[in-house]
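Contents: one structure, followed by commentary.
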């Protein structure tokens, strides 16, 4: 009995001790890619060095598990900080009243001026609910050596040139484009860019907000262009069987020349292949339409139910500093949202930075801009279309039905 | 014994068996061998699509070192043990009682109760996520070992009760009758007659439960937040990235995680395979 | 002889105190209550709550809106639901190969030779290794460009078909991967069962001239009834819970052609933020299974009446 009592006391003491130190800062993150993990560890170490009295408790989740866990911890026993994405993904939780208004941090640190590109993605009705630490451009990663082998001397800037490049690659026995659609999202990059290049950014934004029908003629035009590529055998075969990562061997083995993707791909090329890889932005289709780009933004947020919001704010302010952002973005191979930070000196980061600099506007990404249920049905449709272009009418009707269920009839 | 012991067969048959055994083992374990080989590849090899060929370099040491170095795998393993053992003990204890209660006594509604125990297994358990999380919060055991342990005991009790009830119902009932005739109490009957007889079943069930609870990562994901309380399965999922997965480390990690259940099986085998013959006297 | 008779006989003979008199009533209540209480609190009560959720529209957090039977109505018109249900039937039927294969492997391994304990443990391995890795490796078996089968068949001039990216075959590719660990599971149950086979009965049958196949079917299998029973039940549970492999090998694709109810439910609950709809799927799955349980218990009841 005495033994039991001691145990109970010991357990109680342990329970108390974890909550007794008010300067614990609990952070739950979904940054489980190798580079992301490293960047977070560095950031936390630097923060702890700057604020030795604060102890950051870091709980790392893999991305899918995080989505599951998040729905639970945000409403029960919330951490003090989370990583998440700006745009609609953030707005979902803001609307539910689960994220803290951090406009005061933006004010105090002058972030409106320092991070102009990400203000709107971080805002809901004029208030800011998170602080971005990195964003990145999408574009074509291609193998210079394979282009040369196929007799291609310059990268395509127009749709016609793009079709020509593909034809030449095909003639040389190289599949122009690799893609793995098992995880669906790589298809959405194609849809976003085609739609923004054909119909412009405003139309794209409206479509994302559910204000345009998917059966609209303008949406159909997107798939007509896309079908040109499918019927000309631009894409590798059997792409639904591959994840983004499992489709990389095509490019690494020299069987395929291009991948429409984001900077996290860079670390995945073996050294000898990486030397051959260069970058170009998505070509112009209609010169009358402005340049709009996908630039997904990753950010820190404070849950409404957090206990240590004061120190969490200190962290946000710290992570927004120019020199901190320079370091974090460089480790991530991404871009720092703070304009006073410097962009990593490599061709991919600089290329993406230049392209975003001249863009008329930026979007987050299909599955970050629109309702999650609609995004899922939409991307399944894109995948089916890429395998069976002739089913397009049925596919669009199905996506439209889901849009109507969520956003209502037009 | 069935089939006829190979020792009683002709020499050529014995030889055939001795050749067939390792060959079938290799075929059976081919995917396993692939997992082991993956654990020894570099990520750059995998990104080149070299899943099956000779790797450009063997990276076993490097990969295992990374798994051990980049995550607190020791803590995770310990947490798995802390969660698994009490869960098994609890589930086996409760289900032996309940199994006996359902098998040895005839009363109205016993099939309904058994049906409920079985039915609980047929629900896709992920749907219980939100109510169970709420329950652990209300009980004050959210983000503790106890939250997971209590849930595992309760959930596994369903299957275990079904399992134990079937085994107890197969026992020769005459033994119970005889004991009752002697005036032995029901609790004594359970402890001194039933439990020794179902020990092999308990051993087999313990191995199965060990595997189930050890391998589960969903409930710790829902009910535990703190990194220092995570079991190995949950700890390893962070090797799966948002975009990039270290397949080689994942394979290495899963081999480490799989070893305790296999060792458990190896150790317990003797108990449940040899002992079961007792129950056979019923015929 | 029935239990009732036994009970009344023994009651007459036992002592006179209250506890003793009523211990045949008190004992089962005391034995069953703790387990049933735990199970009710953590499983049955949440199940009832989940069924309740199937009548609301809910993101999983935030306010709930009562929608009555709308979720069920939508479900009936949802082609993905029907596809997933069909696939679940394929899973159920084909997964029953696991007890059969498991029995044959158990028969094969039920010998007493040097090292057999280690061999048995190794045969058990697939059951314990993470399903994520199993799915990964099977996907690499099938991979039409870099996979083992494709690479082996290439020199022969045979082009290995794409399995996981084909809407008609993807499900079967996943089921095959699932059979591997499930067979190991059933094998254990049969190894356990084979040891309880009565050697005298076998010898007697052998003297009567029974051997091989006939001996197995007529004499051995009936004695393995308990093992078969459990093997079938766990296989059916496994087929319905099939989830990790679907997630890792195809994600339910291509375009939902390999989806199953458990994964579709999860997909709706987690990735589409539709808790109510997910609960409706779970409820339907649960109802289907209840029919099965009812049938199953009736058989159990009948068998036991016959045997005692």
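By written order: A, B and C. Residues from 1 in each chain.
Here, contacts are C-beta pairs under 8 Å (C-beta built on N, C-alpha and C of every residue); 3 or more make two chains touch, one makes a residue touch a chain.
Listed by chain with UniProt protein names: A = Extracellular solute-binding protein; B = sn-glycerol-3-phosphate transport system permease protein UgpE; C = ABC transporter permease subunit.
Fair warning: this is a prediction, and the values are worked out from it, not measured in the lab.
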- [ ] Quick one: label the inter-chain contact graph as line, ring, star, complete or other.
- [x] complete
Open item on the list: Applying the contact rule given earlier, which two chains have the most C-beta pairs between them?
Closed with: B-C
Open item on the list: So the centre of each chain is just the mean of its C-alpha atoms; given that, what is the distance between subunit B and subunit C in Å?
Closed with: 14
Task: Chain centre separation (subunit A, subunit B; CA means) in Å - done: 38
TODO: Note the residues in subunit C that touch 2 or more other chains, in rising order.
DONE: 60, 143, 145-146
- [ ] Hunt down the residues of subunit B that sit against at least two other chains at once, touch-wise.
- [x] 49-50, 129-130, 240
Open item on the list: Residues of subunit A that contact two or more other chains, please.
Closed with: 68, 71, 249-250
Task: Residue ranges of subunit C touching subunit A (in the complex, touch as defined) - done: 59-62, 139, 142-146, 162-167, 250-251, 253-256, 267-268, 270-274
Task: subunit B to subunit C touching residues, read off their complex - done: 1-3, 5-7, 17-18, 21, 24-25, 28-29, 31-32, 34-35, 38, 49-53, 94-95, 97-98, 100-102, 104-107, 110-111, 113-132, 135, 150-151, 153-155, 157-159, 161-163, 166-167, 169-170, 173, 177, 180-181, 183, 185-187, 190, 200, 204, 207-208, 211, 214-215, 233, 236, 240, 247, 250-251, 254-255, 257-258, 261-262, 265-266, 269-270, 272-274, 276-277, 279-281, 283
- [ ] Going by the contact rule at the top, pick out the subunit B residues touching subunit A in the complex.
- [x] 43-44, 47-50, 70, 129-130, 133-134, 137, 142-143, 221-222, 225-227, 234, 237-246
TODO: Would you pull the subunit A residues touching subunit B in the complex into a rising list?
DONE: 28, 30-37, 57-65, 68-69, 71-73, 76-77, 79, 243-245, 248-250, 252-253, 262, 264, 267-271
Open item on the list: Please output the residues of subunit A touching subunit C within their complex, sorted ascending.
Closed with: 67-68, 71, 74-75, 92, 95-98, 181-184, 236-242, 246, 249-250, 255, 372-373, 376, 380-381, 383-384, 387
